[in-house]
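Below are two complexes that have chain A in common, paired first with chain B and then with chain C.
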Partner chain A sequence: MPHRLGAMQTLPSPMRRFQENDLVDYCIVGVGSAGGVLVQRLARAGFRVVALEAGPFWDTEKDWVSDEKGSHELYWNDLRITGGTDPLALGSNNCGKGVGGGSVHWAAFAPRFHPSDFRVYSEDGVGVDWPMSYWDLKPYYELLEREMPVAGPAWFPWGDPHGHPYGPHPLSGRGDVLVRGCTKLGIRSVAGGPVAILSASHGDRPHCIYRGFCIQGCKVGAKASTLITHVPNAISHGAEIRAHAMASRVSVRQDGRVDGVFYFDREGKEQFQRARAVIVSGYAIETPRLLLNSACPGHRQGLANSSGTLGKYLMAQAGNVVAGRFEELIRLYKAPPAHALSEEFYETDPRRGFARGFAIQTVGPLPVAFAKQMVAAMGAWGWGMRRVMMDYNHWSTLGVLGEILPWEDNCVELAEEKDQHGLPVAKVTFNLHDNDKKLIEFGKQKVMEIMWAAGAKQVVQESRFAHLVGAARMGRDPSTSVVDKFGRTHDIPNLFVCDGSILPTQGSANPGLTIQALAARTADYLIKQGDAIFFSNRRDLSEPGIRYDLSPPYTRFKGNPRIA
Partner chain B sequence: MTFILTDTLEQSANRNLPAPLAETLTSALEHLREGCFQRSLCLIVATTSVASGLEVGYEHYKGSYSNPVMYTPVVLSGALAGAGLVGVFSRFAARTVLRWISIVTLADGVIGFFFHIRGIARKPGGWSLPVTNIVMGPPIFAPLLFGTSAYLGLMASYLRREEDLEPTVERVGAAIESESSGWRSDLRHGRFQKHLSALTVLWAFFSGFEALYSHYKSNFRFKAQWTPVLLAPLVMAAAVGAVRSRRIANTALPAVSALALADGAIGFYYHARGIVRRPGGIKKPLYNTLYGPPIFAPLLFAACGFLGLLASLLRRERR
Partner chain C sequence: MTKKSLPYLATGGDLKDLEQPGFYPGYSTMAQKRSWEDATRKTVTKRVTETAPIRFFSEKEATLLRAVIDRVMPQDDRAEERTIPILSVLDERLYKNSLNGFRYEDMPPDREAYRLAIKAIEEMAQHRFQQSFHALTVHWQELILMSLHDGKPEPANAAWQEMPVRRFWAMLMEDCVTAYYSHPWAWDEIGFGGPAYPRGYMRLENGLPEPWEKDERRYEWNAPVDSLSELREESASKRGSEHDHKGSH
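== the complex of A and B ==
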C-alpha cells in the first residue's frame, strides 16, 4: 500500500537513501515548519540533503485518527523539565514530533508579523530590533502564502495591509461570536482567515470539509503542513528524510567547522551522518538542547554559545482562553478552530500602560481539551463538570494571543535528568514580567468584554500559553545573539539554525508563516552562496534575492488536480 | 443617414450569404423589428427559467430551505418554464397565464431582494460590516437577477406571434387591438428599444455587482475574473447612451453586449471547469455544484448582454 498523505496525495517512492559514509551537502536536524521548507528548497536546487527527524514519517491514513486522545503522539512527549514562576505546559500544542513537526497539529492561523515587530526596540524601547526589516521578508510572506496556500479575506487591514490567494472560509458559530462582539464594540475584525487551510482544492490536495479535527492532524490534507506541502516535493528532488533519527550532538572538527551529526537510529544505535554543513531546525527547546549537548573542547558552553545567549530569551505567547455560554447553539467542534480574528490591539498604545499588544482569535477546543479548560477556568469537577459538558454545544471560546517580551531569565538549559538515549533533557524556565502581566490582564478583560457584547450569559477564562519561540536569537551583534540574519551561527561558519528559535521578538501573530518565510529566505541565501558555505569562512551578508522557481508544484495556480 | 444595425445586417446577408440563409436571417430580423417573436421569446423564457430555477434550487438547498419562502422561486420558475412552453403553442396562454406568472415571479424577485437584504443584516456585524457581510451573506442582487426570465416572459406576453407578420392576419389583429394604449401598441410592434436599453442598464449593474463581490471574495485569483467587472460599466454606459441616442443603440450597444454575451459564455465554461476540477469532479455532481463556483451565474451576466443585443435589433418608441 502506498504511503498516503491526505486523501489524494501519495508519497513519491522510492525515496533516495544515502549510504552510511556518504558525504552530503546539508544535514538538516528536524523536519518541521522550517526544516520541511529548507529540505525542499535545497533538494530542488540540486544539493545532496539528508534531513533527520526524531519522530515517525506519518502516513496520514494509517497513523492518524480523528480522535483527541488518539492524536497525542503528534506531540513531543519525551521527558522535559519545566519551571519558573509561571511554568509552561510542555508536550502538547507547542511542539511536535514526526515529519511535519508542529505544523501537523497547528491550527494553521497564518497572519504576518507587522512591520513594527521588526523594530520593537526602536519604537517602544523594549525587547530588541530584528537584524532585518519587514520589507526584506515581505516577498517571502507572499510566496509562502501561495505555497501553503493561505485562505482569508481579500483585505486584511492591519500591519501591512494585504489580501490572500484563496477565498475566506464560511464562519462557524464562534466566528459569528467574535465578529458580532467586536462589531458591537466598534472593533474591526476579519472573517474567514487568514488560515493555511484550503477553501478550494489546490493541486493534489482537496478543499476543507469542515470536519473539525484540524489540530488532531488533518487526514483530509486540506490543512497545510510541511508534511504534505513541501516534503513530497523534496523527496521527488532527491532528498532523504530519515525518520526515527534522534540527533544527539553536532560534531566539530579541529578547524572549528562542523562535519556532521551524531544520531540515534530507530534501534537506538548511534550513527554518524557526515555533512559539509549542518542546519538545526529543532524548534525552541530541542535546538538549544542539541547545541548545548554538543559542547566540546573549544565550545565548553555549547556550540555557537560564545555570546552566552544560547537558550536565553525564550518566549511563549499569552494564550488566555475566554469561554462564554450562550443560549443558542454554537457547536465548538465545527469548522477549523482558526477562522476569525482582530488585530486591533496589536500595536503599542501608550494609554494602556504597557508596551506591545495582542490579537484576538477564535479557538475551538474539542470536548477533552474543553473539559480541561473548564477545570482550570471554573473549577468544574464531578457533577459540576457533567453539567458544564452537557452544555458543550452552547459554549464559545475566543483566545487572546499576547506578545510576551524576550527576557534573559526565560531560558532553556540542560537538566540533570537523562532521556531514553542517555542525553540530558531540557529544563525550561519561564517567568512573567511586569509588562507581560499588564498586557495579559488587559487582553483578558478586553476579550471578556467582547464575549459579553456578543451576548454570552456566562463568561469564564483560563490562563495558558501558546507557541514557543526564541532561545537562539538572531542579531547583528555576535555578543548578544546566536545567529546572523540568515540563521548562520556567529561562531561556526557552516552551522546554521533555522526555526522559531531564531526569532528575536514574536509579535502577537502566530509564528508558523513567519518561520516558513524565514526558512525560504535562508534557503535562497544558501543557494546563492553555493559552495562558499562549505569551503569559506567569509560571511557575506548581502541579500540573496528571492527565487520563484523553487516552489513546490501548483504554486502558480497551474495544472489540473488529479481526480481520484 | 444614420447607421441602422438591422438594415446593415440585412444588406450584408443578402450580399454575402446564400439565398436560403439570407432569407431566413432577413425574415428573423424583420420579425424582431416588428415585434412578432412571441413564440421564440416564450421558448427562451422557458429555457432561461429552467436554468435560473436550477440555480436558485441548489443555492437555497445550500441554505437548507430554512425559510419556507425559499421554495417560492423554485416553484415559480418551474411554473414559468411551463407557461413559456405552453405559450409557444397557444396565443391565449401566452397572453394570460404567462403574463400573470411572470408578474408574480417578478414580485417574488423583489420580495426575495428584501429577504436577502435582511439576511445580510442578520449576519454577525450586520450592515456595520458591509463588505464582509455582502461577501459572506446571501447574494444581494441575485433575486432581482432571478427576475430576468420573468421580465422577458412579461414582454413576450405583449408581443405579436410570428404568424402575425402576414398582412391578412395583421389587419384582423389591428382591428381587435385598436383600443390598446400607446405602450402596449409600441410593444406589439417591436418599438421598445429605449425601454429595453434602460432595463439593460439596471441588469448590467446588478450582475456586474454580483460578479464584483463574488470575484473579490477570491481576491481575483484568475485574471479572467476581472472581465465581467470591467465589462459591466461599459454595457451600462452603452445602454444609457442607447436610451438617449439611436446611433449608440445601433453601434456601441450591440458591440459591448455581444462582448458581454461572449464573456458570460466563457465564464460559464470556466465555472463548469472549476466544478469538474474539484475533488471527485463529475462523480460528485451535486456536492461539487453546491460548493464550487456558481455554475449558472455567468449566464446571468450573459443574459444582460442578450438584453442589450435584443434592444439593438428593435425599433425605437414612437415618442
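== the complex of A and C ==
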C-alpha cells in the first residue's frame, strides 16, 4: 500500500536519505506549521535540507481515525509541568507531534492579524511593537491563502479587508447560531470561513465532506496541514523528513556558530546531524526547551539567550467556551468546527476599560470534549452528566478568542523532571494580569449575550485558553528579544527560530496563517542571502522581496480575489 | 455494577434495564460500520468487543473505584450486557502510563493521584460511616462524592492536603466521560452521528437527521428522585474550569 496523504494524494517516493556524516545546508527541527513551509521552500530553492521530526510520519489512511479517543496520539503527550496562578492545560490543547505538527489537528480557522497588531505599543501603550509591519507580511498572507488554500467570504470586513480564493462553506447549525445572535444585536459576522478547508476540490485534494472531525486530523485531505500541502512538494525536491527524531541539543562550535543537531532516533540512540545552519521550529514550548537544554560553555543560560528573554513573554489566547441549549435540534457535530466568526470587538475601545480585544468564533466539540466542558461549565457528574449529554444535540457552542498581552512572568523554563531520553522537560508558568482579566470578563459576557440573543434557553461557560505563542520573541533590540525580524537569533548568526514562538504579540486571530506566512518570508530571506548565512556574521536586514515561483503545485496565482 | 440505585424511582418510573437509554430509540451507530473506513471500524469495533483486563489497580482498589465510577458515571438504567466499560479503560491508561501531556505542578503523577484518592475515599467512608466505601448505600456513597465534587471533602482527609481535590475530581470525571462517551452505545444514547468518512454528512442545518440517523423522540426523563448528582441550578452557574482541555479553534 502506498503511503496515503488524504483520500487521493500519496507520498512521493522514494524520499532522499542523507548519509550519516553528510553535511547539509539546513537542519530544521520540527515539521509543523512553520517547519513544513520552510522545508518546502528551502528544498525547492535547491538547498540540502534535513528536517527532524520527533513524532511519526503519518499515513492518514492507516494512522488516523474518525474518532475522538482514537486520535490521542496526534498530540504532544509527553510530560510537561504546568503552573502559575492560571495554569494552562497542555497536551491536546496545544501542539502536535508528528509530521504536520499542530496543523494536523488545528481547526484551520485562518484569519489574518490586523494592521494594528503590529503596533500595539504605539497605538495602545501595551505589549510591544513588531519589528515589521502588516504591510511587510501582507503579500505572504495572500500567498499562503492560496497555498493552503483558504475558503471564506468574498468580503472580510475587518482589519485590512480582503477576500478569499475559495468560496465559503455551506452554513452549519452552529454557524447559524452565531450569525443569528450577532444579527439580533447588530454585530457584523461572516460565515463559511475564513478557514483553510477546501470548499471545492483542489489538485489532488478533495473537498470537505462536513464530517466535523477536523481536530482529529482530516482523513479526507480537505483541511490544510503542512503534511499534505507542503511536505510532499518538499520531498519531490529532495528534502529528507526524518521522523521519530527527537532533537536533544543544538551543537555550538568554538567560533560561536552552530554546526549541527544531536537527536535521539527511533531506537533511542543518540545521533548527530551536521548542518551549516539550524532552524528551530518546535512550537512555543519545545523551541525554548531545546535552546535551554542546549546550554554549553559560553551559553550558560541556553542558546540565543544573552538577553535573558528566551522562554519569557509566552502568550496564550483566552478561549472561553460559551454553550447554549436550544429548544430545537442543532447537531453541533456536523461540518467543520471552524465556521463563522465576528471580529467586531477586535480593536481597542477605550470605553471598555482595557486595551485590545477579542474575536467570537464557532467551536464544535464532539461528545467527549463536550462532556468535559460540562464537567467544568456545569459541574455535571453522575445523573446530571447523563442528562445534559442526552441533550447534546440541542447545544451549540461559541468561543471567545481574546488577546492576552505578553508578560515577562509567563514563561517556559526547565523542570526537574526528565523525559524518556533523560532530557529535562518544560515547565510552563502562566498568570493572568489585570488587563487580561478585564478583557476575558467582557468577552465572556458579550458572547453569552450573543448566545441568549440567538434564542438559547440556557447559557453556561467554561474558561480556558488556546494557542500558545511567544517565548522566543522577535524584536529590533537584542537586549529585549531573541531573534530579529527574519527569525535569526541575535546571538548566533547561523541559528534561526521560525515558528509561533517568535510572535511578539498575538492579536485575537488564530495564529496558524500568520505563522506560515512568516515562515515563507523567512525562507525568502534565507534564499536571498544564499551562502552568506553559512559563512558571514554580517546581518543584512533588507527585505528579500517575495518569491512567487516557489509555491507548491496547483497554487501559483490561483484565484485570489482582488478587491479594492 | 456494584449497586443499583433501585428501587428509587427514575425515568418517570422504575429504572429499567434498557438496551438503549436516550431519545433516539432504534438508532445505532454500529449499524453504520460498513460505511466507515478500515482504521476507524477497527478502532471502534474493538472498543465494543474487547474489554482490557485490570492490570494496574489491585483487586481492592478496583472494587472501590468501581463503586465510585458507578456513582459518578451511573449506568443503572442500562441492561447488564449493554453496560459501557469505564474502569478497564482507566486502568489501561494508568497501566500504560499514558499521559495527557502535562501535570499540574501541585498534582502528583496520575498514577499516584489515583492511589492516593482511593485510599482517601476509603478512609472517609470508614471515618464517616464505619464501613467500606463499596458497601455503603448509594446515598452515603453520593454524600462522600458530592463533598469531593464541591471541593469540601467531608470528612477531611490528609490526602486532600497533598493534592487539590478539585483537580483530582476533574481528572476522574474526564477519565470517566472519555470512556463513556467514546463508546458507540453512548453515541446511540445521545444521537451523535459517529464516524462519517468516506460518506460525510449532507444535512448541515436545522438539526436535520441524515437518512441513517434518527429524529429525536423526547419523553420525560428523570434521574432517580433521591440522587444527589442530578444537576442543581447553582452548580451550573459561575464555575471556573479546573482542568482545561481540547481547545477547538
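The rule is simple: the second predicted complex is superposed on the first by the 556 of 564 C-alpha atoms of A that agree within 3 Å, B and C clash if a C-alpha of one lies under 4 Å from a C-alpha of the other, contacts with A are read in each partner's own complex, and residues count from 1 in each chain.
Following the convention adopted for this analysis, a contact is a pair of C-beta atoms (placed from the backbone, for glycine too) under 8 Å apart; a residue touches a chain by one contact, two chains touch by 3 or more.
No experiment lies behind these values; they were computed from the predicted model shown.
Contact with chain C, but none with chain B, is seen for A:Met390 once the two complexes are overlaid on the shared chain.
Judged by the touch definition given at the top, the superposed model places A:Ser201 against chain B, while chain C stays out of reach.
In the overlay built on the shared chain, the residue A:Trp76 is in contact with chain C alone; chain B does not reach it.
Touch criterion met: A:Arg180 reaches chain B, while chain C stays clear of it. In the superposition on chain A, contact of A:Gly167 is made with chain B only, not with chain C. After overlaying the two complexes on the shared chain, residue contacts for A:Leu401 are found with chain C alone; chain B is out of touch. The wider contact with chain A, measured as residues touched, comes from C rather than the other of chain B and chain C. In the superposition on chain A, contact of A:Ser551 is made with neither chain B nor chain C.
By the touch criterion stated above, A:Ala7 is placed in contact with chain B and with chain C alike. When both complexes are overlaid on chain A, the residue A:Pro153 reaches chain B alone and has no touch with chain C.
Note: residues 7, 170-171, 176 of chain A belong to the chain B contact set and to the chain C contact set alike, using the contact criterion stated above.
Note for the complex: chain A touches chain B at residues 7-8, 153-155, 163-168, 170-171, 175-180, 182-183, 189-192, 200-201, 206-207, 557, 560-561, 563-564.
The residues of chain A lying in touch with chain C in their complex are 7, 61-70, 72, 75-83, 87-94, 107, 109, 170-173, 176, 209-213, 215, 219-220, 319, 321, 328-331, 333-335, 337-338, 361-373, 375-390, 392-393, 397, 399, 401, 427-428, 458, 460, 462-467, 510.
Of all residues in chain C, only 21-23, 36-40, 43-44, 47, 71-74, 98-106, 142, 145, 149, 170, 173-174, 177-178, 180-182, 186-187, 189-209, 216, 221, 223-224, 227-232, 235-237, 239-249 touch chain A in the complex they form.
In the complex of the two chains, the chain B residues touching chain A come out as 123-126, 128-129, 131-132, 135-136, 216-222, 277-281, 283, 291.
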